[in-house]
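Each structure below appears as structure tokens.
In the two complexes that follow, chain A is the common piece, with chain B as its partner first and chain C second.
Showing the complex of A and B:
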């Protein structure tokens, strides 16, 4: 991996974020809306349900941000005509996207924090965490796993601009199957395997164990869920590398790189 | 297979690119069996109409596209298999305003692209200052690119393409859409880069630009290289054509229609300039059509009529239209 190029891409993404007001939509407004809706639904309920709702709102915001920013990462270059100079540089496109994903991940973290702040200040939910340190560690790991899914999606955006269809169609199902809003265990049997191959499902499970006293979830405990999530994240990264290589070769053969 | 050690920086042998047809459309041959070399420090121009295959050729040579058949070596490396080694030592400028991060400043753009080439920080910072000076953008370096004029954007494009001190530079219509003064500045910049030893392959639609800048020119039509040489050699290559030059006060559109259908006429080209119309009629060398041309112009105020030497543009039109027939 070209760390310097990834860091340059991180800085470039950060500068774009700070100078382009449109990023406020996925990064601040969307999680704010999620949280508002969820907390309004649960405003007369106390205890763990509220915490689960707040957690769900946070994860939804993070997921929406990952999906939007990973897709836009390549689409912006395609639209802007910068994909050509990126492709003709010696840096692998995945290294550039990885740097941008790290920035998006940090913004995802700010989403999560924002959700908790909104819950506390506006709704006075009195949310308490059973194991705050563990919880935040798992939160950061979950964000990293989301970023790795973002990398896989970005590869498809190199292939075709039509990948936005994939992005849009994945947004809402993941809210359900990742267990962000509802425990996975209450989902129909046929959906559960889909949840299990999504790394964030395991991260959400571990976060809930850390946050809620007596929550058992899938049953592997914090360490087990975390291990599965990290394993799946590693698989996503390997998959992303393979996809980038294949797709770059494909676009070099068919000449689709500059269509926008 | 690899080229000899002392091979020129660009070696193209029987290069072909076929794009597969989609939805039952036939395959499209964008580049068809072309061969040429570009020597070190040379400015080589590829001329051709839209869709002739110029950009596809550049994309293959800059490793953005994989050839369907044939081979090309840039700096001794195969464009299909050794793309990373080539990318370190070349760069590309495309015409038009796209290709920069508009929300970043000129300096931030240069810095970002420098990092992609792994240039060490000390060299990077020194080179960025030198490049800003070269393209005369030192004072506006910290302005966002979105606030740049079109000419400034094109100059920062060129600066971006030099961050890695490329040995070979590809310029795809570098003066496209620029006003004459800025286009002249860009041409001066291109000459300066060639003077510094950079090998340059450029595509352009502008004949005078090709004639002014290029040591050698390849004319490409429908994917095939139809002529190759310096501008004098190219003009000589169509010396079987003669040009009749006519200047009229009124619009000679009816006369042009008549001339286009006449035996012995290869091509008719007309231009409107302040106060008059200029018509250039390319005719087969053996055809003495002056009387017929005079007849076709009857009723118009003819300011000048006579034979002329073919220009590069006449040559180009003759070659391209001859090939398209």
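Showing the complex of A and C:
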């Protein structure tokens, strides 16, 4: 891995973020509004359910941030005409995208925390975390798993100009199948296996166990859910690496990058 | 306006509209565009339907939420696509050419928004299908003609709102930020997923300044079998707000054209 290239990409992503305020919409405004809607629908319910809504809002924020930033990561290069030089440079594209993902992950974490804090201030939910240290550790791991999904998507986005269409198509499915706002057990039976192959579903489950007293979730406990999430994250990273290599080799061999 | 200029305006609208269709499908294949319409409307509806199912709030049933989201889907497609038009022209560098042409921006943007408004109708048809066949919404009492009028006026009033945001956006780098904020505010304030009376008293007047609130109210009444006369107050408000916003956007765009021509400041925005 080329650490210097990744660090440069990290700094470049930071500059882009700070100069383009529209990132705040998928990252913070959208999930916060969803949290507000869900809290309004959950009228007169007790602390754990409210906490579930707030937790869900944080996860939605992290997912929105991951999806849009990974998608735009490649699209901006395409718009700016820098994708071709990037592909022909000796640095691997995945090293560049990984550096950008680290910045996005940090922003995702701050989004999640902001959603928690604002929801607490506005709605005075008055609920506390059962195991705060465990909770924040799992939160960071869940973010890493979301970032790994972002890497896989970034690889695909190299091959298409339609990344904005794909991004908006992928936003809500993950909201539904990850069980961020409601338990996945209320989904139809045939959807539940899809939830199980998504690392964030396990992260959300572990977070809820750490946050809510008496929550049982999928049934593997914190350690079990965390282990499955880490295993799936490792699989996503291997998949992303393989995809990036294959796509880079193909577009270089055939000189087809401008076709996409 | 005489017959010649009317014909000229109609030609500009037709050309802009056809250009908008070609632009849409130049980068995105038709099947992917269609998949986006089908998937996004389904999963957005499913998300809130499952939340309602889990919440077990007797006032906010799954049927209540899916109907609100079907109307919200058409409103948002229209709002985003219309509001984003000036930003697209700026992004591809064609805004100075458009401003220096004798045709007004308002006419061109009206033409460009027509296809997206049609896409909005497709979205609502698909969403209604999901609501009825997948989420159990009962529309047996509904008069189809009343619902059609509600949907057409929803599109019209949201296009007015979108055009106004787009007109504000001509003075900025992009209007998308404002459009996104307004759309998410609409999700909370307009009774899409829960009744407006759940909101704090000080927020409710803002709800009734937005056309989507009347659209959702009218759609719920139409679904229960209301006649055109019974939904007339909501339809009238949508029409008034839509016309008011279109007029406002017309003058804002004219003002922008005059200003940048006088100052020679196309690239400053």
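The rule we apply is simple: the second predicted complex is superposed on the first by the 250 of 260 C-alpha atoms of A that agree within 3 Å, B and C clash if a C-alpha of one lies under 4 Å from a C-alpha of the other, contacts with A are read in each partner's own complex, and residues count from 1 in each chain.
Definition applied: a contact is a pair of C-beta atoms (placed from the backbone, for glycine too) under 8 Å apart; a residue touches a chain by one contact, two chains touch by 3 or more.
The structure presented is a predicted model; accordingly, all values stated were derived computationally and were not measured.
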Side-by-side fit of chain B and chain C on chain A, or clash: fit
Partner chain in contact with A:221 - chain B first, chain C second, else both or neither: neither
Which of chain B and chain C A:12 touches, first, second, both or neither: first
Touched partner set for A:187, first chain B, second chain C, both or neither: second
Partner chain(s) touched by A:91 [first = chain B, second = chain C, both, neither]: first
Chain C, chain A and chain B - angle at the middle CA centre, rounded to the nearest 10 degrees: 80
Which of chain B and chain C A:168 touches, first, second, both or neither: second
Least Cα gap, in Å, left between chain B and chain C after the two complexes are fitted on chain A: 11
Interfacial residue positions of chain A with respect to chain C in the complex: 21-22, 25, 29-30, 33-34, 36-38, 40-43, 45, 161-162, 165-166, 168-169, 171-173, 175-176, 181-183, 186-187
Contact footprint of chain A on chain C as seen in their complex: 27-29, 32-33, 35-36, 39-40, 43-44, 46-48, 50-55, 57, 59-60, 65, 174, 176-177, 180-181, 184-185, 187-188, 193-194, 198-199
Chain A residues within the chain B interface of the complex: 2, 4-5, 7-9, 11-12, 15-16, 19-20, 80-82, 84-91, 96, 249, 252-255, 257-258
Complex contacts: residues of chain B adjacent to chain A: 17, 19-20, 56, 59, 62-66, 83-84, 87-88, 90-92, 94, 96, 98-104, 108, 111-113, 115-118, 144, 160
